[in-house]
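For clarity, chains are labelled A, B and C in written order, and residue numbers in each chain start from 1.
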Amino acid sequence: MADGGGAELLAVENLQVTYFTARGEVRVVDDVSFRVGAGEAFGLVGESGGGKSTIAQAILRVLRPPAAITGGQVRFAGADVLAMDDAALGRLRWKQIALVTQGAMNALNPTLRVREQIVDTIRAHTPAARREALERAAELFRVVGIDVDRLASYPHQLSGGMRQRVVIAIALALGPKLLIMDEPTTALDVVVQRDLLAQIAELRRALGFSILFVTHDLPLMLQVCSRAGIIYGGRLVEAAPAATLRRQPQHPYTRALVACALDVHGPRGRRPGIAGLPPDPRQPPPGCRFHPRCPEAFDRCRREAPLLIGRGPDHLSACHLGERATS
Amino acid sequence: MSLLSPLLSNRKALCGLALLGGFAALALVGPLLVGDATDFVALPLQPPSAAHWFGTTGQGQDVFAQTVAGARGTLAVGLLVGVAVVALGALVGMVAGYFGGLVDDVLGLLVNVFLLIPGLPLAVVIAAYLPAGPVTIAAVLIVTGWAWTARVIRAAALALRRSDFVAAAVVSGETHLGVIVLEMLPNMLPLLASSFIAAVMYAIGAEVGLEFLGLGDLERVSWGTNLYWASNDVALPSGSWWTFVPTGVAIALVGFALALVNNALDEIGNPLLDPARAFLRATGRRRLRLGAPTPVLRRDHG
Amino acid sequence: MTALLSVRGLCKTFAPSGGDRGGSAIAAVRDVSFDVAAGEAVALVGESGSGKSTTARLIARLETPSAGEIRFAGEDVLRTEPHRPSLGFRSRVQMIFQDPFASLNPFHTVGHHLRRPLLRHRKAAPGPPLDAAVGRLLEAVGLTPAEDFARKHPHECSGGQRQRIAIARALAPGPELVLADEPTSMLDVSIRIDLLNLLLALKTQRRLGLLFITHDLGAARYVADRILVMFAGLIVESGETAALLDDPRHPYTQLLVSAVPSPDQPLGTTRAPSASRPSSARAGCPFSGRCPFVMERCLTELPALRVTARGREVRCHLPLAP
């Protein structure tokens, strides 16, 4: 297992999530394991529909029917999250782990001023009085870098970047130890995105929380995280420190993701993208799920699913290629 | 993308459609089966008996026959008005919503004027001046009823007008008519179906109301005139409930059936909870609890 | 040689909306001028609110400009067809929209989406020739087997496939200029390259002029021969792609270039002052509120667009090297 530096905060082991549909069971997350250490930023990278958002929501058990967790363990600071009852989960959510979902900035209540939304969250989880909660809201705004006089604004009066900061302020309101963010910058412009991520990095240094950063954008993840896992077809296909993923990716999917990065200073010529479509979780390809799209697939890949094995210090990859060299 | 198959698999819809089908059959063949319902058949105000299932009216006519025969008159007018109101309302609403600007301002003014005019009083006044009969009633109801549908459809059209696929069709070179009929209209089918049902319900209720007031053609047999005669022949004070209850029940059943279909359309519009059944079976629960944490179901095998 | 598209002094001001308190007229596009040649790809880059999408919609004639000139193949279309664009114009200028889930009508099949423009612009006779034309379009955008795709509805296709369908629809009338409004913004990064490669291939094969609107400088670099940078409705810099990105002259362009996530550069801790909405009502340079090099002059006087010897344009009061 890829280990984080320092004390382990979140441990996900062999996680399995299944959807029970009218047409049968669909396994969307299959045997995924990773760890996030205290104060660490860990990334989960993968295509839309590949299961990464599902993993993020499964950790807090906020997946809606017809989803159910059908296997594995989730341990947070030693406690078994999957065995928790409603009360224990209530103490866990928001106070220990906060989740910023995709599109959260558009889910702010349009009829309430933003300060009310922060105050509501604080008072729903702690016995704070309104005045205390308002002070905390002002402090949070300072922390996320919004002018305190915007506390009285309605969401539609704020720009996209500011709304996302409000959402992050709400998430940090109760001082969680782990912040899970799912595509927090998708709808934002590149300058706003950069500023927001820099802000979050500063906050992490100041307040010491860990981050689980879920995204489809590998270069973006590399900016934020020190370690990451690559999710494909509901499985973890590679996990390593960010620098290793950038410089020595082993799995062909990771390599393709790195090659797809469109930046302004690297090589300019034409590149091939990743052909084909993500696998259908109802009928995944046999053997390695990536083989239909892999430029280096060979016979064994079609028959046998590769196991996650170590490729180097703190580097795991599930691919038959490396093995071939040693056999 | 049809409306038909999800409709047929919905129990409420099937129930409603079955009821409506029954009444439609009644409207089509009923009068043939019961003969002339205005015939004098027995002593007046006889309670229900084996000979006359629903008893007799204050004029000695068979109530059962009148109830059956009345279906055609009322339903025909209801259907006609429903179709006309939706057609006229959709035409005005779509044109106003699509073109916007001056066209919308002018049509909007027209719609607002008709909305302001109190419907039933106007209907009563007009019907009092025109020759009594179903045509008058239908005309009156159409004139007083189209504006509501027009306003609803206009709002939907305004929203659709701003969608990307409409802009794409415009850039493609699609004509105005093409955009309205091919791009916007198909996406408004559920709304039109719902408006149609609402219009029919309105029409039946208003028509019965007008005829009850004596503004219909009293020689015709329809549910409305049945109620008129029942009231005229002093039904309540004489305790002859059978002269108006069957007709009342019939009208209520039709309204109920229409409401069922309308509700079913609403359900279809929203995501079905059908997948939940398999989920409930797997988790061993009987119903979903809102906001419950994701359950953990471990199985022994892989 | 006349440029395919020539835009001069294009302006669009939106009237204030009634409900907003303190609503003032919004000058979404101010004095925009540029050319696009046949076979050339030009990127219009800017953040949301910069006016880039509005510019595209003006050229597509979905909106009417408040002022300015649009010349297509030399013809001043705003003068020759002032009210409604002709079918001829529509057949020569086409557009691809940003949201693959909103730009296709959920009610109709893919085949229908392609048949309508083919019929409207008389590119094929009804019946077998029409089906063959639909098949050719689907093949041109890589959606095979064509017969299967023609029967599908949009919701049965992935985001990338839907954008390909949108491209096929845009190609149906046989256009000379294609306006692509952020066609890859809503797609995963792993499929963006495929779509961009498709656009480039089609541009070369059919000698199309391509106006590519985006906020992603990386994508602009991949696709475009020239880049125009927009801010608050104005073009602040323009030039040949490699030159502009290697040596950006306008402070806003410099900011954009530094903000693109680069796998090799770690996130810096320096932060630009929190961005307030650029006000087009403010006199002077709209970027003055965020510019690290702001001078007195910038607050009162809007800089003019200056041209260097190498064809670079910059709208800034800072001294301009050749």
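Rule of thumb we're sticking to: a contact is a pair of C-beta atoms (placed from the backbone, for glycine too) under 8 Å apart; a residue touches a chain by one contact, two chains touch by 3 or more.
None of the values given here were measured: they were computed from a predicted structure.
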Chain contact topology (line, ring, star, complete or other): complete
Of B-C and A-C, whichever chain pair has more C-beta contact pairs: A-C
Intercentroid distance (Cα basis), chain B paired with chain A, Å: 51
Between chain C and chain B, distance of the C-alpha-averaged centres to the nearest whole Å: 48
Distance from chain C to chain A - Cα centre to Cα centre, in angstrom: 31
Contacts with two or more other chains, residues of chain B listed in rising order: none
Residue numbers on chain B that touch chain A, as the complex places them: 274-279, 281-283, 288, 292-299
Sites on chain C touched by chain B in the complex: 60, 62, 87, 90-91, 93-95, 97-99, 102-108, 116-117, 120-121, 153, 166, 169, 172-173
Residue numbers on chain A that touch chain B, as the complex places them: 18-22, 25, 57-58, 61-71, 82-84, 86, 89
Chain C contact footprint on chain A (complex, rising order): 47-48, 145-147, 159-161, 189-195, 197-199, 201-202, 216-220, 222-224, 246, 256-258, 260-266, 268, 270-275, 277-278
Residues on chain C engaged by chain A in the complex (per definition of touch): 47-48, 158-161, 188-195, 197, 200, 215-219, 221-222, 242, 245, 255-264, 266-272, 274-275, 277
